Structures are given as structure tokens and as C-alpha cells.
Amino acid sequence: MQSKFNLPKITRWVLLAVWGLFAIFPVYWMIITAFKKQRDIFQGPFLFPFLDFTPATQSWERVFGQDRDDILKGLGNSLLFSSVSALIAVVLGAFAAYGLARYTYKYGPYRNNDLSFLIVSQRIMPPIVAVIALFTMFRTVGLIDSPFGMILAYTWFNLPLTVFILTDFMKRIPLDIEHAAAIDGYKKFAQIWKVVLPLAMPGLAAAYLLSFFFSWNDFILALMLTFQKSSTLPIVITNMSAQMEPRWWLISAVGILAIIPPMLAVIVLDRFMERQVLHGGTR
Amino acid sequence: MSSVKLEALTKKYGDNLAISNLNLECQQGEFIVLLGRPGAGKSTTLKLIANIEELSSGNIYFNDQLINNIPTENRNVAMAFESYALYPHWTVRKNLEFPLKAPGRNIPAAEQEARIRRVAELLEIAHLLDRKPSQLSGGQRQRVSLGRALVRPASVTLLDEPIAHLDARLRHSLRGELKQYQREQNATTFYTTPDYVEATAIADKIAVLIDGQVRQFATPEVVYDEPADIEVATIVGDPKMNILPLAPGATRLEINEAWLQLPPLPPEAGYIGIRPVNIQIFENAHPYAIRGTVYVTEPMGYEQVIRVEAGEQLLNIKTLLTTGTFSIGQTVWLQPDWTTIHVFDRSGQRLKGGFH
Amino acid sequence: MSKIDFWVKPAHARLAALGIVVLLLTSLLGACGDAATPTSSAAVTAGAGQAGAKRFDGQTVTVAVGSFMSSGVNMFKADWEKKTGAKVQVVEIPFGDLYQRLYTSFSTGAGEFDIAIYASNWIPEFAQANYILNLEKYYPEKTNWNDVVDKTKKLMYVNGQRYSVPLDGDVIIGYYRKDAFENDQNKAKFKAKYGYDLAAPTTWQQYQDIAEFFTGWDWSGDGKPDYGVLEAQGPKDVGPFIFSARAAAYAANPKTPGSLFFDPDTMEPSINNPGWVQALKDWIAIKKYGPAEMATYGGGTMRGNFVAGNYALALDWADVGVQAQDENSSTIKGKLGYYVLPGSKKVWNIKTKAWDESSEVNQAPFLGWGGWHGSVAAKSKVPDAAWDFLNYLDSTENSLKAVTTPGTARNPYRTQHFENPQLWADSPTKYMDAGPYLQVLKQSNSLPNTQFDLRIPKSGRYSEVLDNWVQQALAGTITPEEALNKAANDWKQITNEAGLEQQKKLYRELEGLS
Amino acid sequence: MKHLLIAPPLLFFFAISVIPLLFTLGLSVTNTSIGGSGSFIGLNNYAQLFSDQFFLRGFLNTILYVVLGVTAQYWLGLGLALLVNSMVHGKRLIRLLILLPMMIPPLIVGFVWQTLLDSRYGPVAGLFTGLHLKPVPWLTDPTLGFVSIVIVDTWQWTPFMFLLLFTGLRTLPKEPFEAARVDGASSWRIFWDHTFPMLLPASIAAILLRSIESFKLFDIVFFITGGGPGGATNTLTLLGYFTSLRSGNLGYGAAMSIILLLTVVVLATLILIVVRRLMARADKAGQQALDQFLAEPLPVKVA
């Protein structure tokens, strides 16, 4: 639409194709690895099933056999923690971003910018060492290895991200539209819920996806804060992994399963990201 | 459907005074036009009434009740924004529905539908109900915005230049219908515009806003015939009134080696104003007329506006097209109708009394 | 705009923020302390008196285990549960994080685990800290204790008391490609080039010769040039164990027992003596006989690669032998030969500060990492059941089943495991030629100069430091001498931090010097 | 009301973030280690850090990763966002494919690239030998190892930039672009005069967040090179992890984390000062254009 780069169509497609190849090839590699025997991996490079190597179902037999319960547990937990925590982080983040975009805060010497700093600084802290303290805190309040604890941890982890991303989107929503909702008889909360949030939809969708991805792929928090019943997929994968023998075929198979939920999330949320929601609202 | 009283409204943005000591009182059901140039404080006044902007000081009464502390959503005001402020994520129908469905309104579904129909027909947007704002033209959006303000009963309806971006035909037809509609609804309406023609056409009363103050608040006729000061006089009327400075104690007007005898004026008179329609123009030399050169001509339908350079003055003259054809650079003769002049003192205030 | 301003805010504002934070925190912590009175108590010992009830009815035993060891536990879980009425909950912990997770869990309060299954190297540290139970009171009921290999037995004692149940035996051995070694053409060529017969190497020099010989040409017949050697030289992996195993031949002098890592009299690190330096030089020298990526391979990658078939020599625990039997991974089933780690004819003597040379080869097999052992957590509410489960895992029958099943990570550690190759051939592994394999393992476990790994507290830190510096030398950024001197310096610092006398006492005890 | 809005993140800050921060600060002045109690040693850990060549190398690496990686990711992400934004067909699928690398669990990313780049069984090496070139030692040469990490990081995280910039693009108003197009401006000019400045807030958010994440770069290095060869690809978080959690030297590891934290704050501040300059300039240019646009055309005297 607006910023159309008037490159020739061919050039555009070529550029995209180059990136696409770069982006997709490793994924392709993962997919075919899931159908290799271990020795095919190390005798490669084999790129084309049936031509280079005979596809094997070894990995899938394990995925649907002896490892099924672990994988299902990991998938279920990851899905629950990631989707719920991302939702909470986005909703809370949206409200906070709205506040930072629309109001002036003054807590002692702290203004809006200091508050944003405090919030985003949580993200700066490298989790590697913090996890030990987190572990102790979680244990004190009995949240270790509990779904609630994990959702809390991921919400904490992603909230700074969502606040930061969404503040910009909030600032772009014309004030008049909100005022219109007030005039039309709606209280602040309803204004935010019915008008502001839908208009921040591309931002919300992006923030949700990023939060989802971060929780989905988190390793260190899950490592420290879960034992068993709340272990997530990355932990399950790591447990299957390479220390003893490089079961890359098996890990790849789980990897294929692991990208399905985030892909679904993208497919569902993509339409919102694309929307040029603010167009047409104002002069 | 309230009477409205604005008492000493003041709005400051930092050190800038946007509205200073603004007073206004109107009856229930009146159609008030706030007329003023851009930046005069029209929109701000509406926003203060709606409580979108916070008052710096002053009081607002609806039906003689002080409502300063009542939040926007409970004031029961309707408003059409200059920026339209449509909900871009909803269809036109949902946009119109939204105020009807607000908590506490309890409007039956059938009535909602009827109101939407009625407004959509009035504004000629019935065929657009299922579109989203981004699929509308600018004019269509403005009509939706206006529709959203009109669709529901409100204590006060605030319309911020609601038809400014419509095409001429619609603008014209809507003026009348809008007024009619609001009268039917018995709605108190505040309407802003910089266009005096529109203001006169639609207003029960015009409030002329200059520098955040009401300079004159009266019926359109009074504002036109008896402008309170030079600034009001120049805002009201198109093309604007010719203002000629007078030398102290002057008894005649001298322009281009000719002079015209003035009617008797009070001694404090500093300026006279003559509306463009009150100057006759002749192609040939004429007694009791001053000479000038045509600077530019603008035909406007059956009329024309001619600007004439006369001495140091650039005078606007409005006359019928049939008066003659004038070309740039042509020498013409002008004759004011002294019975219609307005007289202002040195500070620009109108001097009372007729000089006809 | 606004987003930017906060970064350039004067510092005092943020300092003040920190002040507030501290205040809040202290009050918060106080509140937590009051609120967190433990309410969960052990309601598990009930049921013991009920007639007809099974022994551990209603009890739950939670087992923490390093990830890839879990199947060696899981396979016996159901049977034991049926037998005793208890429940077993297996908690898998990613291998690399096991130490830290066990430690945090042990040290920070009510234990999540009743049983920990972990490296025997950590037994002394956990025992000293009283994190694990002294098992002496249970051992009398153990019937198959005597059968455990001697070296493995020693791993379990701290202060003369047993703290663990053995589940695994870890010793590093050598592998070679029998098919390539037995090829007549190769034999002839090798003899012509090096002047001695091609056979499993007995010294590191031979090892290097063989590696050189098999590098750069296609002796495996797959159309691509092959390599002489594959070892796990990658950083942050098993490198320190492999390197120590190589150093033992040069630095574990039978005349000065217990001096491989430290001078037991002074706790002066030995790792920068000429013996270790020689081992490091050797290790660097074989780089060119392996693929370039060998520098990044950890143990797992190395195994997968080796059994896929393009390498003549390798060093590893017993695992390569097992993995080679799996034809999904391996092209070398039946083509594998084994040898006790090569030795050296000169050994450094830390007392005389000279090489002791002899015509005899000094062989010093290395018990790297020490093997999986199980301990009962000191805070376990169900110690009896926990012991019973561990004992069940180590029963004569079960242990044999475990060590012969692929993927359990349990390697032979009982005399009986070594004695009947036919059992291996009949097991799920379908081990081909188990005889020589078991022979070499048994021998490596029982040579008089077989060396223990470093087992004193902070062993993880010692080996991380060693790894860091050795990696530098491998990458060629510093010389071997420099690297090991720096490592030795860091070791001194670690020892001092942990308390030199304390470390020395324990080191001597664990090396059997007292 | 307004206080309620920002209460949750602030609450999280005080309830969860501050404790680990203080805990880490506290640890960093002791010699606490797993398997032993610690005592106060003042700033010794910090002093030691600055003579620790692994730390110094890791520190330098971390900064280079951020600078190179984030720069590459930003421009690539922006380019992709513009390309996709201008597409009419197939956008959905393309977006999904572009986002794909971000969805893959870190351990798998590690092994995929490790095998891809392996000179023996990796297809990249296969490509090179196919072209009769010598295999490139992607992972075993210190410099190339470093470059490889940047490439993988870029592969995985360019989608992050893309996502934020693309959604940013979708909320820009249409009118200035239409006006500029009517004025006959070239795509290039439109980009520099309008798109880029208007996208700056979104860009800053994206760059800042990505930088913060990049400073914590861990899993890619961990799974691909383990910091090797010879520490050439180490990062501070990787060192912190091994120091604290693997070898249990908590005090020293905590000191590393604190230094990392300070570095991020300082560098982020610097980045933002520069960006703010840029933005101020862009604002000024925009303001001038606007002024010109608003100024009424002066009445032309026709002589």
C-alpha cells in the first residue's frame, strides 16, 4: 500500500526467494533429518529422501511409542504455559502501555520514562544467575513445578516486552477516537476494551506472538522452576538429547511437532497483524 | 434537551490562554453556531462542554445544574468530531449503533434500528451501512461521524464543523435538514464553523468567537446588521466588509483626487465599514463616485465579486453579473450607499445608533 | 520521544529507586518469612502396621536422575511398585545441569528427591555436606555386595562409610577398527612405513602413528577419504575426562600413588608437570588426524560419528561399544576392536622431578566421571523405601539386564557382568564379539594403576578451569606449557578457597593414602 | 485508574525482579560457590574479572555480536517488511515462512546448524566441494566461528525485527505517502523522507529489544560451538552459565552478570542518545515540510 517499494516485481520476488531459501533450508534439513537413520546423518550430506537415503521411521516409532507420554506432557505444558502467559502478558502489557502512552505519572521523582525504564530493565537482567534466586523465592511460596508458577514466571518474563512494544502502538491511536467512545457513553475501561485494544490489534498480535515464542523456547526458567509434572517441551527435548548419543533424528521429529503450535498461532494471528486498523478512522 | 450555561470558562495550555472568560447561555432546543476563524477556540469550547478537555476554571451548567464534575460518559452529550474519529474497526452500522448501545441507555432494538435508518437516510449513507470507514471517501466518513452524533437523544449535541468536507450540494441541502432534524428532536445544538453563510443559514443564534472569547452572541440578523466590532464585522459577510480608516474629525473621504462627502458622524468615529453589496460600480465616470482600477474579478454564479484598487485601499464589491463585464486593469467608478455604513470607534467598537 | 528520555535521566533518580526497592524488599522478605511455615508434612509412614499390606504401601519415592540414565531406572519401576506397593516418580534432569540442580535442591531446604542418581565423583562432596544418607545401616541386608568390582566399591566410601549404591561402571577404553587393522594390505603398508606390526596401540606414540597412517585415504571403502582418529575435543563437554585419561599414562606414577592431580603431600597441582604437558602435546598432535570439526565434538557427536564408520581409532567409555551394535546408527557392528588405554614408557615422577623411564609400558586406565551411583537424600521421608528401590536396581539379575540393554547408560560394574559374553550376545543388544569388549573393560577396571577421577569438592570447577585452558592450547592461541601453568594457578586458587587442608585430607583419603 | 493500569508490571518488578537483582548483587561480593559457603570478599571478583582473559574475550565478543547481529537483523528485517508490505499475493504464506526460524527450539537450532556447517557431512560443505572449492572451516576457525554465530543469530532473529517493523508499517497513515507519490517523489525518497522517519519509534523499540536479547545471547553459542574454538565465540551469558551453574562458582558468575547488566544499560543509553539525535533531525525535517504545507499561498498580485 503506502510505502510500496517500486522495485520491479521480479527483483522483489528474487530477493524474497533468496531470503526464503536461507530461512527455510535449515527447517527442511530438520524435517528430513527426522526421517533419517542416525548413520545417514553422519555419512551425509544427504538431501533428498529416496534419492540420497531411504527414509526411516525410527524416530516416529519412538515419538509415538516409548516417548509418547513425555512428549505429550511437554507439548501440553508448553502450550498451556505459553498461550496463557502470553495472553496475560499482552492484556496487562496493553493496559500498562496505555497508561504510559496516555497519562502522566509522577511517583516521587519518577515520571513515565523512569517507569518504562524500570519495567523494561527486568528484561535486561540475564536470567542465568537470577534463576537461583527465583528458584528460592518460588520454593518459599510453593510454586515450584506448578503450572501456576510457570505461567507467573513467563508472564513476568514477557510483560516488559509487551509493555515496551505496545506503548508505541498505543501512542498512535488518535485520542479523538477514544473521546468519541467516552462521548458515546462508555467508561474508561469499556473505551479501552472496545475501542483501544481492537485498534492496537497489530501490536497486540505481534506482542502475543513474540511472547509466545519466547516462552515456547525458554529453557532456563523451565529448567530451574520445574521438576516433572510441569516440564516443558524444551526440557523434554534436552532430556532426549545428545549427551549419550546424538539422537538428532529423534530430536528433529520432536522439533517438527514443536513448530506446529507456534505456526498455528501465527496462522491465527496473522490476519490481525496485517490489518491497517487505523485507516479510515480520522481525516 | 437541556439549557446550557457557560460561565467564565477558561482553558489554559501551559501559558497559552485558549479560552478566556467565555460566557454563553442558551435555551433548551436552541441551535447555536460558534462562528470564528481557525484557532479562535471553537473546538476547545465544545470539548470543554463535553469534558474531553479539562476546564482550567469556570462553570458549566446543564438545566441550571452544575456539571463540572460529571465525567464525559455521563454528561449525555453527543459530538461529531472535526477529525471524524470514527471507529475504524467497525462497519458504519456498528459505528452508529455504538452510542445507542451504551450502558444505561436501554433503547429497544426496534427503536435503535429506526434511529439508524432515519439518520442514514438523512445523511444519504444508507447504502454504506455495511462498509468500514476505510472504504469510504472523506465526505462519506464525515457524514458517518455526523450520523453518530445525531443518532441518539442527547442533552446537548456538539457538532464540530460537521459538514466542512462535503460537496457543495450536500452541504447546502444538509444545512436545512440538519436544523429541521434537530428542531424535531428538540435538541440543544452547538455547531462550529468558520463559514458565516453556513452560520446564518442554520443558526438560531450565532456566537462569534475571537481569541477565545464570545464577542457577540445574537441572532444571525443582528450579527450581520449590527456587528459588535470590526473583527466581528469582518468575519460576518462574504466577501468581508470594507473597512476604511478615518482621519480624526474627517467629514469627507478622499480617494484618487476625488472626494466624497460623509454623512454626519459622531466625533469618536475611527473607521467606517461598508459591505461589498453596498457599493455600486460603474464602467464610466459617474458623479459622486471615486475612481479605481480593477484588480481582480471573481464571477460567482449570478453574482460577481470585484476587487478594486482605489488609492491605498483594496475594496471588495459584490454585484450582479448583469451589472457589466469588468476586466483587470480597467478603470471603474465606485459609489457607496452611505445609508448602510457601519461606524466604529478608534478601538474598533461599534458606535450605537443609526446613521441612515 | 519519551521512550528515549528515561535513558538519559540523571543517575540519582535511579539510585533513589534502588533505595525504595531495598526498603520494599526487606519488608517483603519479612512477610514471606512469616507466611512460609511449611504445612506439608510427611504423612507417609502410615500403613506399615496394616495386616496383609505390602511393605511400602502408599509411599512415593521420587528419583532425580540425569536425563539419559532414566531408562535404566524406568525399566524396573513397574515391577518394584507391584512388589512393594510404593510409587516411583522419576524426575529427569538435563545431564549438564544435574550437579547444580541436585545441589540447589539439597541445599535449599525440604528435598524434592528421595533418591539422587548422579556421578560417583560427587559422592564425597554431598556426603561431607550431609546431603545424602550414610547407608551403612542398610548394607548388611545387601547380598550381592562382594560381586562389585573393587574400584567401584572404593568410589562409595567416604570416611570409611558407604554412601551410595553402584549402578554403573565408568572407565575409558580405546576402540579400533578391526576390519582395517586386519586387512593384509594395510598391515604390510603399515609395517613398511613404521617398522612394526599394525595392532591395537599400547603406547600413545603407536596410537599417533596409527592415526597418521589411516588419515587422508579411503580405507573404509565409502568413496570418501577417512580419518585416523576421533576424540571428543569440543569445549564444555567431556574433554577434561578424555584429556585426563591421556595424561594418566605419563603422570600417574605407580611409585607416587595418588599424584595424578595433586601432590598429595602439598596439594600442589600436578597438572602442569611435564607428564601432563606431554599428554597435551599428544592431544594437539592428533588434531590433524581427525576432521576439523573434531574441535567442536562432544561425547555424543563423537560416538554417533565414529560408529557411522570413517575413523580408525577412538577413546570413549563403554558406550561406543554398545552403540556400535545398533545398525540404525552403526556401520561397524562386528568390526570393532578394543584395547586398554595406551600407556607410556616414561612416567613423570613428581618427587624426583624427572622422568622415570623403563622398558615396561606404564598403563593407567582412567575411571573418568566415576559412573552412575544412587544415594538416598538425607531429608527423604521414605529412606527405607528409597534404599529398597536402589537395592532393587542393583540386584544381580536387574543389573545384568540393565547393562546389557542398549540406551540405559549403565555399563558393567559387577564381576558377573564380565563373565558370560553369551548373555550379551543373547541380550537385546545382540552384542557381537562381547568377549574382547568385556575383557578390556574388566582389565581396565582392575589394573593396579587404574586411576580415579578427581573427586574432591569443587571437582566441577577444577575441570572447567582445566577445560578452558586446554581449549586455548588446542586452538593454538597459547602453548601447552602456558595453558597448563595457568590452569595450575587457577587450581591453587580454587584449593585455597575451599580450604587447602580440608581438600588435602579428603584427597588423600579418596586416593587411599590417609 | 491510571495507577491501576501500570500496577501489574511495577508489581512484578518489585515482587519478582528486584529480589534476584539484589541477590545477584549480594552474591557478586562474596566467593559463594555451589558446594561451599561463601564469605564477603569485597570487590575482588570484579577486580579479578578485568584480568580474566576469558571474560575479556567474552565481553568483547558479546558487544560485537550485538553490534553486528542487530545491525544485520534490523536492515534485513526492514527490507523484508517493506517487501512483504508491498506484495499483493501470497503474503500470508510468506509471512509464515519468514517467521519460521523463530519458532524452532534452541537445541534444535544448534544441532541443525552444527550439522549444516560440518565440513564432512554438512550440505554447505557439500556445496563448496561441489563447486570445487575447499570446505570452509565454519566452526573451527576462530574468526569464522564468530561469523557463523552471527549468521545463525541473524537467521533466527531477523523474523523478530520483521514482525515488529511490519506491524509498525501497517499502522502508518496513508496520506503522506499518497501526497508524496502525487508529488512524484521516487520510492527511494519516499522511503527516506517518510517511511523511515515515521517508522523510527517502532524501529527503536525493535532495535532496543533485540539488543537486550542479543546481549543475553546464549543458546545458539551453547549448542553450536560451546564457546570454542579456544573461547573465540564465548559470550558473557555463556560464561556466566558455566561459571555459575556448571562449575558452581556463584559469586564470580554473579559479578559477570552485574557487569553485563551495567554494560547493557550503558550501551542502550548510548544507542538511544544517537537515535534520539537522528530522530530530532527527522522531526525537524518533518516539521519544516509541514510548515511549508500549512503556510497559505500568498496572494499573487497580478500586474
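Note that the chains take the letters A, B, C and D in the order they are written out, and that residue 1 is the start of every chain.
Here, a contact is a pair of C-beta atoms (placed from the backbone, for glycine too) under 8 Å apart; a residue touches a chain by one contact, two chains touch by 3 or more.
All values reported here derive from a predicted model rather than from experimental measurement.
Q: Kindly indicate the chain pair that has more C-beta pairs in contact than all others.
A: Highest contact count belongs to chains A-D.
Q: What's the farthest chain from chain C if centres are computed as the mean of the Cα atoms?
A: B
Q: As a quick test, compute the distance in whole Å between the mean CA positions of chain B and chain C.
A: Here the centre of chain C sits 90 Å away from the centre of chain B.
Q: Centroid of chain A to centroid of chain C, CA atoms only: how many Å?
A: Comparing mean C-alpha positions, chain C is 37 Å from chain A.
Q: Can you work out the whole-Å distance between the CA centroids of chain A and chain D?
A: Distance between chain centres, rounded to whole Å: 16 Å.
Q: Can you work out the whole-Å distance between the CA centroids of chain B and chain D?
A: 55
Q: In chain C, which residues are in touch with two or more of the other chains?
A: If we look for residues of chain C contacting two or more partner chains, we find 3-4, 7, 96-97, 104, 298, 301, 310.
Q: Residues of chain A that contact two or more other chains, please.
A: Correct list: 41-43, 115, 118, 132, 136-137, 164, 167-168, 238, 241-242, 246, 248, 275-279.
Q: Which chain B residues reach two or more other chains?
A: none
Q: Hey, which residues of chain A end up touching chain C in the complex?
A: Touching chain C from chain A are residues 37-39, 41-43, 56, 58, 108-110, 112-118, 132, 135-137, 139-141, 144-145, 164, 167-168, 223-224, 227-228, 231, 235, 238-246, 248.
Q: Touching chain B in the complex: which residues of chain A?
A: 174, 176-177, 179-187, 190, 194-195, 198-199, 201, 275-283
Q: Which part of chain B faces chain A closely enough to touch in the complex?
A: Touch list, chain B to chain A: 47, 50, 52, 71-74, 76-79, 81-89, 98-99, 102-105, 132-136, 138, 141-142, 148, 165.
Q: Once bound in the complex, which stretches of chain A touch chain D?
A: Residues 1-7, 12, 15-16, 19-20, 22-27, 29-30, 33, 41-45, 47, 92-93, 95-96, 98-100, 102-103, 105, 115, 118-134, 136-137, 155-156, 159-161, 163-165, 167-169, 171-172, 188, 202-203, 205-206, 209-210, 213, 216-217, 219-220, 233-234, 237-238, 241-242, 246, 248, 251-252, 255, 258-259, 262-263, 266-267, 270, 273-279.
Q: Taking the touch rule as given, give the residues of chain D at its contact with chain A in the complex, in rising order.
A: 1-6, 8-10, 12-13, 16-17, 19-21, 23-24, 27, 76, 79-80, 82-87, 91-92, 94-109, 111-113, 115-116, 120-123, 125-126, 155, 158-160, 163-164, 166-174, 177-178, 186-187, 190-191, 194-195, 201-202, 205, 208-209, 212-213, 215-216, 218-219, 236-237, 240-241, 244-245, 250, 253-254, 257, 260-261, 264-265, 268
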